[in-house]
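Next up, some structures in structure tokens.
One chain, subunit A, links the two complexes that follow: it is found with subunit B in the first and with subunit C in the second.
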Partner chain A sequence: MSNKQLPQEFYTMMEELQTLDFVLVELTLYLDTHPDDYNAITQFNEFSHARRILKNQFEEKFGPLQQFGNSYSDYPWNWNDPPWPWQI
Partner chain B sequence: MWIYEKKLQYPVRVSECNPRLAKYLIEQYGGADGELAAALRYLNQRYTIPDKVIGLLTDIGTEEFAHLEMIATMIYKLTKDATPEMLKAAGIEDHYVNHDNALFYQNASGVPFTASYIQAKGDPITDLYEDIAAEEKARATYQWIIDMSDDPDLNDGLRFLREREIVHSQRFREAVEMLKEERDRKKIF
Partner chain C sequence: MKNFTLRKTYHPYISPFDPCPPVREKTYYTPAQLYLGYQPQNLEQFSPKEALKAGTLWKVFYDPYYGPNEKRRGPYE
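Presenting the complex of A and B:
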């Protein structure tokens, strides 16, 4: 449907993002039932910080991951540019 | 509100076009124990559950939408290059005549999704027990689909989803204990 060939770096960075996000999803659900675990919260904040940095790097190269203003836009508006997740 | 993110929770790969596997997977798309039912169940129960577990229902309900997108991606990739003849050979020609290659919220037998798959009783422990059972039923369904599938790439994604059901079940069990603890503390005073 879309496919101009994606660079290898797209896949590498996307997988790094998915890896960090897996840790963050796991810690989020864990902290929902263990709100007093100080070490887990420290780890959560460390990963949250690393995630923010990687998100910015990814978006500079490959465009916005989120919209409604949670990501910057290039000119012209590039939110609708492929690939969507199921096209990768 | 919700913010969409243009990425899958976990990579989805399939080895080849295989509409028969898509037919099985639609069970987890629009079936009774599927991802749509899960997301709608938890996000709807949030409004009448004690404050202590609203966050958990919100977060698991949100993750279920990420799983729904993974299942949709699997079905899309397994069917996008299928010819009508291939769909017929896989036994989903009745889907084709109604929907072409479009996805539809139905189970593996073609029964459309219905809200009667999910419950909200307003009794917190009752609702959480339903949620634990739902996760275990979804885990079992993933196992049966993996048993039917000979696609190693697809099975990698399915194993990820199966493991998430186990984690969700564990968290819901902990939520039950949190509410029991709170209830018992109130009795003392």
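Presenting the complex of A and C:
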């Protein structure tokens, strides 16, 4: 079968995505109990914006991250190509 | 007070019939949120990369567990 090797960039971008996601999760939980914290909300929106950009960049290079319309698809239909999340 | 620490101690009762050498003072660590209650705004934060490693976004909640005889490397003694 194809012993497909992913470039180092895949892993650095994935870790960057994970870092942004963690901050977003923390801020979401914080904002649930602090709805009127203006600085936290601006920080949340900044990170959300940065995450969106990084996601687009990632998907242009390595294919869709999510399904059901959350990610564009390449041709041919390849959302089920390895590596799966546990294979990374 | 500067020498605030999350580490607290208690002194168990030592029985005269205790076969093993007594441990007179035992320590335990208390979580930071006990002292914080409702989290104030604009607390100091880790950078995103550090936050991912530390497991929390706010420095005040960073509290890794170290054994009683392990040297604590965290910001809190």
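The rule we apply is simple: the second predicted complex is superposed on the first by the 85 of 88 C-alpha atoms of A that agree within 3 Å, B and C clash if a C-alpha of one lies under 4 Å from a C-alpha of the other, contacts with A are read in each partner's own complex, and residues count from 1 in each chain.
Keep this in mind: a residue touches a chain if its C-beta (ideal position, glycine included) is under 8 Å from a C-beta of that chain, and two chains touch if they have at least 3 such contacts.
Predicted model only: the values in this text are computed from it and were never measured.
Once chain A of one complex is fitted onto chain A of the other, the partner contacts of A:39 are limited to subunit C, with no touch recorded for subunit B. When the two complexes are overlaid on their common chain A, residue A:68 makes contact with subunit B while staying clear of subunit C.
In the superposed pair of complexes, A:23 makes contact with subunit C only, with no contact to subunit B.
Note on subunit A: of its two partners subunit C and subunit B, the one contacting more of its residues is B.
In the superposition on chain A, no contact is made by A:12 with either subunit B or subunit C. Counting contacts as defined above, subunit A residues 18, 22, 26, 30, 33-34 meet subunit B in one complex and subunit C in the other.
Against subunit C, the residues of subunit A that register as touching in their complex are 18-20, 22-23, 26-27, 30, 33-34, 37, 39-40, 47.
Within the complex, the subunit C residues that touch subunit A are 39, 41-42, 48-49, 51-52, 56-57. Within the complex formed with subunit A, the subunit B residues making contact are 3-12, 53, 55-56, 59-60, 63, 69, 72-73, 76-77, 167-168, 171, 174-175, 178.
Contact residues of subunit A toward subunit B in the complex are 14-15, 17-18, 21-22, 25-26, 28-30, 32-34, 64-68, 70, 84-86, 88.
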